[in-house]
Amino acid sequence: MESTGKRNGLVQSLRNFDRRWVFLLIGLGTILPIIYPIGFGVSTTPPVQQLYDKIESLTPDDVVMLSFDFGPTTVPENGPMASAILRHCFTRGIKVVVIALYPIGGRALAVQALNEVAPEFPHLRYGIDFVNLGYKDGAQALMKQMGEDIHGVFPTDANGDPLSQLPLMQRVHNYKDISLVVSLATGVIGEWWANLINSQFGVPVAVGCTAVSAPKYYAYLNTGQMIGLLGGLKGASEYERLLLDGHPSVSAPYNDPTRFNAMKGMDVQTIDHSIIILFIVVGNVAYFLSRRRAARV
Amino acid sequence: MFFRLQLPLILTFIAGMIPIVAFFFTSEATIVKAPTDRLEKWMVIVAGFALLLGVINVIQGNLKKIERRGPGWPYAICLLVGLLVPGIFGILSAFSVGPFQGIGLRADGGYTPFAWVTRFFFEPLQATMFSLLAFYIASAAFRAFRVRNLEATILLVAAVLVMIGRIPVGDAISSAVRPGALASFTEWLMDKPNTAAQRGILIGAALGAASLSLRVILGIERSYLGLEKSE
Amino acid sequence: MDPTQAAEAAGYFDRDRLNALVLFIVFCALVLWFIRTARQNRNLFIRRIAGLNAVDEAVGRATELGKKVLYVPGIGSIDDNQTIASLAVLQHVARLTARYNTELDVPNKDPLAFASARETVREAYLQEGRPDLYNEGMVHYVTYDQFAYTASVSGVMVREKPAANFLIGSFFAESLLLAETGQASGAIQIAGTAEIAQLPFFVCACDYTLIGEELYAAGAYLSRDPAMLGSIKGQDYTKALVALLIIIGMVCSTAFHWPAFAAWFQAR
């Protein structure tokens, strides 16, 4: 009787579980792995490997367009992708044209990423090895117009200098001069790149997106409209892992304990996912116990 | 009645048909492409004026609340301060008045007043709200993922497998059976069943949107005007 | 038009979009045919959509409890089809709240949608013969920022505890924040969106969810207008045609190694 009473009390407690305990555990599961990194390993998946291999196959004569289509809210996911791709391109001497199509914060985040990564490659010169064209409004129409003439869409770079004065932009006029477009997107802009630009102009497109958006991009990956996909923090961590394995010379920022990177974020994701799964199991146990009790009654 | 009913419907028909016709012509057909570009620009201008309408509505509503000391009236003061301070900073920055020189970073890397408000108020608040998702997804999963019926069970199993497959613990678990098995299965789940379902919903939603657009252009659907079909 | 001019005009036509033009004509023909049929025969069958049938129940619950109905029309602008579809549902909900004298609150994120929503609600109250119950504060503008808007609406849910929440329209990252907050406040929740990424959150946290095309059909379903129901029929037959073409394309490409059929449908 006593054990039945205790079990009923436990079931009742689990059924009436205050969700603030869930919040507390998730909070601790987020904060503690950042303070005390665990260093879980990261395995790679084909969509990320495909993008990595594509950039590996490019030469210093090729130009990659990196589009900052995300804002401050998704910096933890898209930010590490931006840094990793810039480092990969710069390490291989691939030229980079940076643009921003996201209105709130895209331009500032592009500047932030370049300010973070470019100093690690002091031999690179602005205007010759990379340019930042800044932000322009009118995403879809603008993306289509760049297929005809990038200079018409961005007459000056982010600093206000005419593109004609930038040696790199003297040979980049439209998508025919671009070997790969990588869109780091938080919303629908990544879909526009895959859906509209790849199908209309044939330029290879890859997207780095938030985890919640990743499922819808698999359709474009399957049809060949995208050549690679970085899905959320996991995708970013996989790319960092591939980069470090392939180019150990860029490891310094990733070994800096004061800097956040996606691989550190995976510690947090691991712990939080484990907590959520635990709660799901506990919730179902309580559900079954209460159903059994109701059936007996 | 003409200005309330017929004129909006005529304008809707013209504005709807121009982009549709322009879609089937090349960029050389400026006679159809130019109006489409112009319509897109006009939309931005109209939205700007509508934003002014919205701001006036916010100010009026909150001033009334403060005046009659409605519930939560101190927060109305906070809201008005939050609206007016960055707004005034932005306007002064646009005209480069005094210390308000632009809205970005200064040449020495320091923050202009507008950039300071954006960086130290706006961005952390945005990030905080976005971070709530992590907590809410946990509580939603705890509450919603129950083995109630077949569909709920499939949802539960798929969610748990994808969650485990996305973390290194999943690799560790599957390496006991076959290395990378869980990650491969997760990828297969995302690549095949998920993509198939997404495509199905996408096709249905696209046709639904096209049907609604046709109804709006032909004047059958008038709810956006606040009118019923019978009017 | 002389042959030179004709050739010139024909050159402007984008031949790569011929497939889209053919499908567009077939789609329009089907929809218009069924609209015509519906006007002659009013007994058109549309399957039951639980979420829409629950609208009256939700407003009735709010009336019984003496609490407000919170209607969130999404964060899209008026050029978004989901917002237009949401306004159609708002019209129906506003007529119910006018009829039952239930408080209605419609916070808006987009200024253009705000202007349309205000018009929609005002007209609904007028049509119900209760213009006295309408006040300007019912439909109000909050802010253009996505998360500031979410914070404001969440605050309303927590403080004022509406009995019924309608989350219908275009939603992005804020969908779970709103749905979960509403669920915790104890409201009955009816959601609807065509944003595929947000559907799972609504399904988990809301009592009823309108998925994709159900949202677009909502206006027609609630009004039972024959012309609008006919357009849904036309859209459904087009979907059946698309499914048939997919199967034919699949068979041609795999069994008969003839990819030209599927290739004709490729977007260029």
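Chains: A, B and C, in written order; residue numbering restarts at 1 for each.
Quick note on the criterion: a residue touches a chain if its C-beta (ideal position, glycine included) is under 8 Å from a C-beta of that chain, and two chains touch if they have at least 3 such contacts.
None of these values were measured; they are calculated from a predicted model.
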item	value
Taking each chain's C-alpha mean as its centre, the one farthest from chain C	A
Most central chain, judged by mean C-alpha position against the global CA mean	B
Mean-CA-position distance for chain B and chain A (Å)	19
Centre-of-Cα separation between chain C and chain A, whole angstrom	30
Cα-centroid distance, chain B relative to chain C, in whole angstrom	15
Per-residue overlap in chain C, given as positions that touch at least 2 other chains	145, 147, 173, 184, 196
Sequence positions of chain B contacting 2 or more other chains	126, 129-130, 137, 139, 141, 143, 145, 198, 202
Residues within chain A bordering two or more other chains	19, 73, 215-216
Residues of chain C touching chain A in the complex	145, 147, 172-173, 184, 196-197, 266-268
For the chain C and chain B complex, residues of the former touching the latter	11-14, 17, 20-21, 24, 27-28, 31, 35, 77-79, 81-82, 84-85, 87-88, 90-91, 108, 111-112, 114-116, 119-124, 127, 137, 140-145, 147-148, 150-151, 159, 173, 176-177, 179-181, 183-184, 194, 196, 199, 201, 204-205, 211-217, 219-220, 223, 225, 227-228, 231-232, 234-235, 238-239, 242
Chain A to chain C touching residues, read off their complex	19, 73, 104, 187, 195, 199-200, 212-213, 215-216
Residues of chain B that touch chain A when the two form their complex	27, 37, 40, 44, 104-105, 123, 126-127, 129-130, 134-135, 137-139, 141-143, 145-148, 156, 159-160, 163-164, 166-169, 171, 180, 183, 187, 190-191, 194-195, 198-199, 202
Partner chain B, residues of chain A touching it in the complex	17, 19, 22-23, 26-27, 30, 40-43, 45-47, 71-75, 105, 107-108, 111, 137-138, 141, 148, 214-216, 218-219, 221-222, 234, 266, 269-270, 272-277, 279-280, 282-284, 287-288
